[in-house]
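Next, two complexes with subunit A in common: one pairs it with subunit B, the other with subunit C.
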Partner chain A sequence: MSLLGKRFKLIEDFDQSTEGSYELLPARFAVLDDSRYILSNDVGEFLVISRTQLSDYIKKKVSRHSDFYFDLKSKSFLIDADSNVAIDLLALKYRTKAQQISRFTALHLFVVTLRCDYTCQYCQVSRQTDDKNAYDMSEETANKALDLVFKSPSPAIKIEFQGGEPLLNFKLIQYIVATAKEINLVHHKDLQFVITTNLSLLNDEVLAFCIEHNICLSTSLDGPENLHNANRPRPKQNGYQLTVDGIKKAQLVLGNDKIGALMTTTEKSLPNVKSIIDTYLENNLNCIFLRPLSPYGFAVKTKQAYKYDVDRWFEFYKEGLDYVLEINKQGFKFVELYTELIINKLFSPFSTGYVDLQSPSGAGISAIVYNYDGDVYASDEARMLAEMEDTKFRLGNVHTDSYEDIILSDVLLDTLEASLSESIPMCTDCGFLPYCGTDPIYHYATQGDVVGNKALSGFCSKNMKIFRHVISLLEDDPEARKILLSWVRT
Partner chain B sequence: MNEDVITFDANVFSLDTIKRALYRFTDKGTFDIQVKDNIISVQVQFKAPDDWASKIKNEVLDQDLRDTLSKETTNIRTLILANAFSNTGLID
Partner chain C sequence: MINLHSKNNHVLGTISHTLPFIAKVTTNFDLPKALRSKQILFVSQTDQDIPDGFGLILIASDDHYGSIENALRLAPELRYLKEHDVIKFYPDNLKIDVLYRKEANTNSFLVTEQCNSFCIMCSQPPRVVDDYYLVEDMLAALPLIHPDTHEIGITGGEATIWGDDFIRLIQASKNHLPNTALHILSNGRNFKDLNLAIKVAAVKHPDVMFGIPLYADYSQLHDFIVQADNAFDDTIRGILNLKRCKVPVEIRVVIHKENYQRLPKLAEFIARNLLFVDHVALMGLELMGFAKSNLEGLWVDPYDYRNELGKAVETLAASNMRVSIYNTPLCVIPESIRRYSASSISDWKNDYLDECLNCSAKHECGGFFSSNLKKVSDYIHAI
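Moving on, here comes the complex of A and B:
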């Protein structure tokens, strides 16, 4: 016995567990690749293990002296006579993850006009008209919508102005911001504003207003000039120039952190992911969101959404993420936002608040849409669906329905009930469940059913591919792991 | 159409386990399940050729493990959820 051993008992002396006597804690698993599985629990702790390890764990054959046993114990996959603290820890983490549900709707989208100066093929909602009365929100409708906004129990409220092109109804934006701030003198909420704009109408008056009220701008940048202008045609074919000029101006006046851009992937985008990312870098944008086209609205009517499948989109995403990691390896921090969301779901107990990756779905309870005519929708996608004359997810109208009517409507409650991944076939025992969600509106749009068959689901297929790819990178590429872990928000 | 018949011993695998496994292949083909003399027979019709029998058998093994895991942890999951939402007014 060593000198240390004479003074202190050995670790084994404190170990009260006995071989095979551990108790399993709730867990799920999924195939990662040909030789590995991911084992996860309700709070998102995970281990990548072999089939033999998986079988040994469930059949309680894991040796209590093995490293694997301690991995299982430290990640709350088992308890033994030595300690059952994992039960309290799991409860605490679960409560933290679910906390967002109790806060309820934080994001309120105001569609202040459907009018737009662009003629994008895939756009679901825009109208080319000078008739302001037909497609602009009125002050009366805005007032009614604001009444509903401040009934949300969320301590943080973000009002996002959408269109069409919302700056075509800038006067109403000014009115809503002023009125919301006045109402908030009573409510004291953390109130923020975002204008989602193509920037073609950005001028000094708008910028001064943004500075005064600390308003952020969100725009669309689909890639280099030829691609952007092809995806987002404008009568003078100068959309790209107006957008990058607007980004520069906003960065200069408001600051780089006050303007962000989103891109939409069309068939033309697929071979061009590197040049799309280069365009973001050239415009001093430090992140990109590689998004597939949604199967709603005009994207369906013009058959844009079906021109490429999930496999082709995934190749686009993978090539893009490889390139983003390469950029980071060269010392420049540049983030792919969907991957960042997943990394945070894998390593943080806090909810990301991303509507599509939540259980229950964030429709209505994380974000809600007030259309120009006062109609209220569970999400922007629900509004797009309504533009195809399917109003299944219309929750009510601000002029005729109360907050309680809207939030307790059968439409919303039935949708939420159908979006609990924990009770959906295939999701219920999937190892990726803690990181995923189920988008009821996507499944309704593609399969005619809010639950849908996940074996046929593009949503499921896309997310499983991404989860497997990101987790494999974390496991197999130490340099990529280091970069990806630096994206975890603290 | 590629047809095959896969059989399972009902003393080893439950019908529920086999149904859960097959559900995951509903994008690949269709299934006709019959049970006779403790033998579960699955007549399969796949849209494209592949080694589907092996893949289904492996998935059945996974589903069998999932069944064990789920049955053994149901009570403790309820306990954890009750603990998580205590004092929130959401449960009695």
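Moving on, here comes the complex of A and C:
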């Protein structure tokens, strides 16, 4: 009985739907575990539900008086005769997620030299030589590449200096920064610079330059001293010390937010995830990216990439994430970046702009690589593949090809077309699709085909495991959920 | 509680006005004669000679005066009036409406009592009545309002029912008060017509905000609460159209027994679908109008929905949305989200309990609607 006055009608009087007559909006599902499914839509909204609920939803048997019905309605999984605004909202959310694509290439990697003072086993590309002419980028090549950079319609441009060890060609970095800033006087883009460096050559001159141009540094830190030096050998075996000294100096002079570190997982890393994370904590770094080894370059030649399989890597990741969550529970905010990406894909209306988890792939259209010799590649992995003498993803050369030649090249367009998850076998009906990508270059490198068979794909297997793990944590561990939700950016 | 209306005024001589008179209050006895007929002299001190020529004279004391033309002995409850305030005087029944107080934290203009919704907790129940004069009153008052005024409001009823006259109100507000924020309460439904949103945007008011209510994350519940079919879809489309035209929008959620349980889900819905709105206000009930007559069906102690409120605030804040809690005493808001509380109640209808006298947080607390003092949370306590 209603407790409202007689002038007011009942809630039933405002329900213009009829039992069982709702329409399904586009949705996909996937098994989460023995008893649950994830139901997701094109824009990444999701519900974790039972098999009965899933079956009721699809058969249009969900009672229109149940909370489940309203949850489905609220998250744009159905419309009924009472309301169809969900279609307008879905369109809006889809445009928001896809907006990234219209902005086009924001990240431009300049390989200013292939020379390096390290001899890492897993390195894809570096060379040990004193011959500057052979593997350094020239000013002429840089000029041509910069012309292409500013053709990108993206309102934000990030130029990342890569190597080899880019500081071995610091003069060219200085030249590119000065030239880019001058060109930008006309374009007014949000222009940023990053140097990816092992920090061994970090001196006061470099630091002063970074301050002057607000440049960020990105370095490699693989874990505690023994592990780091084993993974990343330097002739004098002092790589770890040089790196942590460099990190400290950069934090002091540039600020904590101007220096980040990345780790690479090798077989030696697998039993040591906690001490790796501790190394990050000890060095005042507030996040870590637990990355698997990519199947390119020397990593393949030395069989490093195959020494451990996805399952073993996932155990490493899981143990690491557990430890990261424990650190957060102890009152210190520390983020695992791959998980943060997934969390943002689950909860943010925006796309994350992470090249490997996009549909279409971010190759060329999110990030593009200008190699030391002027060759242009669709991604860093594409250039690594080229170093293995497979130039499949070479888009052209800055000296001979125009922006249009490169961006409209068959190589790039075919690759992008083959990277739309929505049309790829096994991806098209996968409940994790809105959070995933297809990485055509990985599948080409491992299966010889840009699409690949997802049942055999390490990329697919790895990501499915992570999605299931993260979503289960969100559902089953309220404390973990609170921490993970605090990683949502928007 | 401050009275904004009174008929308790007495004539001290003949009144020459035949039509309602809207004018500004002054205490300047020496005002140039040419200006006097359009202003109202406020006389609070005794033994002053009453000058000639003012449009109206308000005697704010009980002293003896002889017969004075166009003079009233002002009702005691209106003697707070000050320089720059604007009033409307009705010569037929001697009523005075206070339209604007310079000292007020906010001044709202009720521009109609008509509405296309019939919300179960409406504090200003709609009436079917021809009240176009309210539009004319606001247009007459706007030029008289002090240009330093921080904010004015337009409320109803549903102000957009006036169509192009509604646009005139926004335009006039901008013309006369270019430095004054304009806050408009609307259910947003009429903005499902994109043209109305385009017209609002075309005014280019420098600081306007539409406060639009959304009471649930799905249509059946929202439509029931506002007692109108299709209202949910209309309001959502209205918000989208306004934001499409870059007009600022604030979502206002009044919390009561019918909707508090899904408050966290409403917050998720807003964060996912309407992330671009400029502010979300989560509001306690004002026990006036229908909220009072439907009290039994609507009342839920704010203490009993503190967890839902907490989750909703956290969801919205985590999405970097600007979120505020209105009309809720600090002592019943969980400590972790107290910082989102805002003192939101207009000063003229704002009160505190005896218990509040001992409270260290009284100055940060929004307190109570005067109308709510008889029905407050069982968990009010000094902190």
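The rule we apply is simple: the second predicted complex is superposed on the first by the 485 of 490 C-alpha atoms of A that agree within 3 Å, B and C clash if a C-alpha of one lies under 4 Å from a C-alpha of the other, contacts with A are read in each partner's own complex, and residues count from 1 in each chain.
The rule we apply is simple: a contact is a pair of C-beta atoms (placed from the backbone, for glycine too) under 8 Å apart; a residue touches a chain by one contact, two chains touch by 3 or more.
As the structure is a prediction and not an experimental result, all values here were calculated from the model.
Student: Regarding the shared-chain residue A:L485, is it in contact with subunit B (first), subunit C (second), both, or neither?
Tutor: In the superposition, A:L485 touches subunit C alone.
Student: Who does A:I288 touch here: subunit B (first), subunit C (second), both, or neither?
Tutor: A:I288 contacts neither subunit B nor subunit C.
Student: Examine A:F8 and indicate which partner it touches, taking first as subunit B and second as subunit C; both and neither are also allowed.
Tutor: Touch status of A:F8: second partner only.
Student: Considering only the touch criterion stated at the top, classify A:L395 as touching first (subunit B), second (subunit C), both, or neither.
Tutor: neither
Student: Where does A:D82 make contact in the superposed view: on subunit B (first), on subunit C (second), on both, or on neither?
Tutor: In the superposition, A:D82 touches subunit C alone.
Student: After lining up the shared chain so the two structures overlap, which partner does A:E23 touch, if you call subunit B first and subunit C second: first, second, both or neither?
Tutor: First partner only, subunit B.
Student: Just to be sure I read the superposition right, which of the two partners does A:L92 touch: subunit B = first, subunit C = second, or both, or neither?
Tutor: A:L92: touches subunit B and subunit C.
Student: First (subunit B), second (subunit C), both or neither: which does A:F70 touch?
Tutor: Touch partner of A:F70: subunit C, not subunit B.
Student: Considering only the touch criterion stated at the top, classify A:L341 as touching first (subunit B), second (subunit C), both, or neither.
Tutor: After superposition on chain A, A:L341 lies in contact with neither partner.
Student: Residues on subunit A in contact with subunit B in one complex and with subunit C in the other?
Tutor: 88, 92
Student: Which subunit B residues qualify as touching subunit A in the complex?
Tutor: 20, 23-28, 62-63, 65-66, 68-70, 72-73, 76-77, 79-81, 83-85, 88
Student: Can you list the subunit A residues touching subunit C in their complex?
Tutor: Touching subunit C from subunit A are residues 2-5, 7-11, 13-17, 45, 70-71, 73-75, 82-85, 88-89, 92-93, 349, 485-486, 488, 490.
Student: Show me the residue ranges of subunit A that touch subunit B in the complex, using the header's touch definition.
Tutor: The touching residues are 23-29, 31, 42, 54-55, 58-59, 87-88, 90-92, 94-95, 98, 102, 425-426, 429, 453, 455-456.
Student: Quick check on the complex: what are the subunit C residues that touch subunit A?
Tutor: Going through subunit C, the ones touching subunit A are 118, 120, 217-221, 223-224, 227-230, 232-233, 236-237, 240, 262, 265, 268-269, 271-273, 275, 290, 293-294, 296-298, 318-320.
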